[in-house]
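Input: one structure, supplied below.
To keep things simple, chains are lettered A, B, C and D as they appear, and every chain counts its residues starting from 1.
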Amino acid sequence: MAYPTATMEVIGLWTGWILMLTIYSYPLYKENPVYRFSEHLYIAVMLAVNLVVNFSNVMRICVTPMMQGDFLMIVPLILGIMIYTMLIPEYRWVSRYPIAILVGAGFGLGIRGSIGPNIQDAIVSTITRPTDGGAMAWINFLYIAVGLISSVLYFLLTYEHSGALQAPTRIGRLFIMVALGAYFGNTVLFRFTMLTGRAQFFLQVLKLIPM
Amino acid sequence: MGFSLANIDRRVFYWILFIALMVPFLNPIGFPIKIAENTRDLYEGITEDSVEPGDVWVINFGYGVSAWPECHPGVTVCAKALLREGAHVILMGPHTDVELTYKHLLDTAKEDFDAATYGEDYVFLGYITGGESAIAQLASNMRSVYPTDHFATQLDDIPMMQDVNTWHDVSGVLSSDTGDWGGYFLTQWQEPYGVPMAQIGIAMLGSTGIPRWLAGNYFGMSVGSRGGAELEMLIGEPGDAIIAMDSISVSHLLIVIAVIVANVGLLLERGRRS
Amino acid sequence: MSQMLKREVVYAITGIVTVIMFLEYFFFPESQAWAEIIRTWSVIIYNISLGLGAVRLTMAHSMNVQRRRENWAFSGVLLAGLAIMLLTGLAGYFMTGQQTNNAIYNWLFNWVYTPLGATLYPITGFYIFSAAYRAFRARNIDAALMLIAGCFVILSNAPVGEALWIGFATVGEWFRFTGQVPGMRTFALVGTLGMIAYGFRALLGKERGFYAGGEE
Amino acid sequence: MAIIVTGRLMTFILMVLTFIVMYYYMAINKEEEYNIRTLPAMTAIPEAVGRAAEMGQPVFWTPGISGSLNDSTQGPQVLAAISLLEYLTEECAKAGVELAAYCPLPDAMPLVEETMRTAYLRQGKPEEFNVEQIVFISGQSAYLSGVLGYFQRAKPASNILVGGFYYEAVVIGEAGNTIGAMQIGGTNNTHQMPFLVATCDYMLLAEELFAAGASISRNRDELGSIKGEDIMKLILAAIIGVGFLLGAAGITIVADALGW
């Protein structure tokens, strides 16, 4: 993106830069009214964008097709509006009908689509022996199988972790900690990359580095 | 309260971090970048004989403005690669600022999109919501969730979309996510119909995604901005991700040092106490 | 009769919709129109429901202003900003079919919404740094293992790791391609069983929590 | 023509088997009493309340930014968090300890209030319940500022951070750590587990959160379905074990069957 030249765009760029500093005044200094102003401004514009974009999407996928002859679309339109009865305590039960459809579709699609990748494919990959890679590949093959079995046993919830289950469940928790550690490592990359983008923007607006 | 270093005001860390992130932009270091297998599988899956001219590919912008630095470089390289293979690219996304991300892609892959023709080589369908139901419906009947493209043009009036309406007509899906939408493409496209799929998302998805690449659910995977830098290396065009890698190196070194110092403090304190 | 309408009929709808999704998937290789209708309705209902959060927030902040509660001025800023951007956006939409064709909306969208959106979430980068120093202590074996795995993955994600010592990249890669795999597969497997349990209880009408407050 | 679509048979078998096993334990096996195993985080709750009583400082509860009750991934976590709140409120009422509940979820607020009021009533101290104990702040950043401000002012002795957390987990966890509070965490959001594990003394990992909720509510259907899940975990663990041994020997019958 080239450095803007039009006046309104330059004003916009600097507005964004100043707003960024007001937000970072919270961690870099302390919670203060300027930060709170920007935070509430963000909630406002975010809500507005959500409302406008979702309104136009409902027009696109429901109202316009209905006006063009697909009269059945009146049903989801009414069901969708029924959800707002949640705001009126004595009619809250009316909102259960549209929620029932959302929950039913959510579980139906979720269950039928998750068993394959999360159970079958995961187990097949775990029990398929390595075709190459030598000793290390076989060690990893053993590690993943033992780890998966013991971690699954750790999540037994109605059997005490004692007796025969004590050792495998204790080992299982260690495998889980390794996974959470790797997850933490990847989270650090994600969070720092976003902040890096802001540091870059800070310098770009000051023209210390190219846009 | 343990090691005296433990009482340093946290704002000291924050200033050190923010300044440390800026320094490499002012004078780059340029550490070498090794390419991971999962990233190479992704790149090979969208180039050369993996893609035929006229193949239809979906790119899902599953990220918003805040995750541009993390996801956008990888998406830029993949969009360039697909357009250069003559593929037809469908662009879409579940964030209310997806229009901004689309315009940003037109800017970061400018030459390729200028050389391409809207409606024949690529199309921007725009915003989608509705979770798993929406992605399942996209597989069965695109026109039920996208009667028009983002610019209110009926899909039937867009040349490249003439006979494209279900998963049958799509050669592959690339999803770049901060949240669950890539998972919906997995459960509603790859699992039931075997449509080839890859994830180009945030680094956190590297933990859930790598086991899926190993199990064959994904044909490839790019993990966060590091994956974006590797893709920029593979296509031979350094971009934002490679530029940011030096800052990532500095900040990552700092956090490991911080963890080590904290735990050395803990050991010293235990030694003193015992 | 009215109790049945409020409960049994609702649970029956949940169950029927769930079973329809199963029937379509297991008994028909291609998607079916009767299931597509329900999915399309579900998308539209969900889309319409997204306004609920905005209505609630607007009500809450209007109450703040009305009752002059603490920080009511900021609630005023929120309501004013919301009104301006909402009205200009809808004006743009109704007059031209594209909200971004309205100059005010487009300016706010590009130069206020974007930078603020791109700024607020990265604040976590600060917190993760101070948390790493102040809270990530190897107080026991579990925490120690987590930290060791985390540090190796951190150093293998950043190019400096392999520049300092090739071992960081090798060991880090091991944690990514092998170390984390059993734990992550367990979360997915156990999570799916948990979702099946929840879905099955909802199917039988024995899971009321979804219906905003459970029992009547 | 196969009745079940090819390639989806084993998915169907696994799903139906899971339903049957769960239904058996939920509705058929009436006699057996189901108990959730000892969860260290649960046994620590009375200890957390006792600590607060000794120090004369409050106990703090919050469910995280989560999502609405009808969100299929976040809703169940909020409900489990509210079950824990019920148990926590009763313990606090018994010990005469002040309890603060910060909740950023508009649609959960009635449930939170109803749960706390009932818990005080059950302990015979309805007059001690004050609705001001429940603070509603919406918006992730405002919620964060509110919680951190409370920590500075009230210095709670124990924090219960259980529910569908997002990035506020690391901020609240670390801030609670800084004021020396005893902390019990719990979430099913994998992306926040590392932060709660690192910053909390006790942790409910993934499904343990729902088990904790069920152990308090004693809901027969929940306990029965959790028992059914356990049986499926044992079956799957056995399949992995046998499949691994056969697979190591080059026999792929189990892997092939899973692909039907």
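Operating definition for what follows: a residue touches a chain if its C-beta (ideal position, glycine included) is under 8 Å from a C-beta of that chain, and two chains touch if they have at least 3 such contacts.
The structure presented is a predicted model; accordingly, all values stated were derived computationally and were not measured.
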item	value
Any chain that touches subunit D and subunit B	A, C
Centroid-based (C-alpha) most distant chain relative to subunit B	D
Top-ranked pair of chains - ranking by C-beta pairs in contact	A-C
Whole-Å gap separating subunit C and subunit D, where each centre is the average of the chain's CA atoms	18
Mean-CA-position distance for subunit D and subunit A (Å)	19
Whole-Å gap separating subunit A and subunit C, where each centre is the average of the chain's CA atoms	5
Subunit D, residues touching no fewer than two other chains	8, 11, 15, 70, 72, 107, 139, 141, 190-191, 194-195, 197-198, 206-207, 226, 229, 233, 236
Junction residues of subunit C, two or more chains touched	22, 25-26, 39-40, 42-44, 46-47, 50, 52-53, 56-57, 109-110, 113-114, 117-128, 130, 132, 134, 136-137, 142-143, 146-147, 150-151, 154, 157-158, 176-177, 180-181, 184-185, 187-191, 195-196, 198, 210-213
Residues of subunit B touching at least two other chains	14, 17-18, 66-68, 97, 129, 131, 133, 136, 144-145, 152, 192, 203-204, 206-208, 211, 214, 223-224, 226, 248, 251-252, 255
Footprint of subunit D on subunit C - complex, ascending	22, 25-29, 52-53, 56-57, 60, 120-121, 123-124, 127-128, 130-131, 134-137, 142-143, 146-147, 150, 184, 187, 189-191, 193-198, 200-201, 204, 206-207, 209-214
Contacting residues of subunit B [partner subunit C, same complex]	6, 10, 13-14, 17-18, 31-34, 36-37, 64-68, 97, 99-100, 129-131, 133-134, 136-137, 139-141, 144-145, 151-152, 166, 192, 203, 206-208, 210-211, 214, 223-224, 226, 229, 245-246, 248-256, 258-263, 266
In the complex, subunit D residues that touch subunit A	8, 10-11, 14-15, 34-38, 70, 72, 107, 139, 141-142, 145, 148-149, 190-191, 193-195, 197-198, 205-208, 211, 223, 226-227, 229-230, 233-234, 236-237, 239-241, 243-244, 246-248, 250, 252, 254-255, 258-259
Contacting residues of subunit B [partner subunit A, same complex]	11, 14-15, 17-18, 21-22, 25-26, 66-70, 96-97, 104, 107, 127-129, 131-133, 136, 144-148, 152, 186-188, 190-192, 202-207, 211-212, 214-217, 223-226, 243-244, 247-248, 251-252, 255
Sites on subunit D touched by subunit C in the complex	3-6, 8, 11-12, 15, 18-19, 22-23, 26, 68-70, 72, 75-76, 79, 106-107, 110-111, 114, 136, 138-139, 141, 167, 170-171, 173-174, 177-178, 188, 190, 194-195, 197-199, 206-207, 210, 221-222, 225-226, 228-229, 232-233, 236
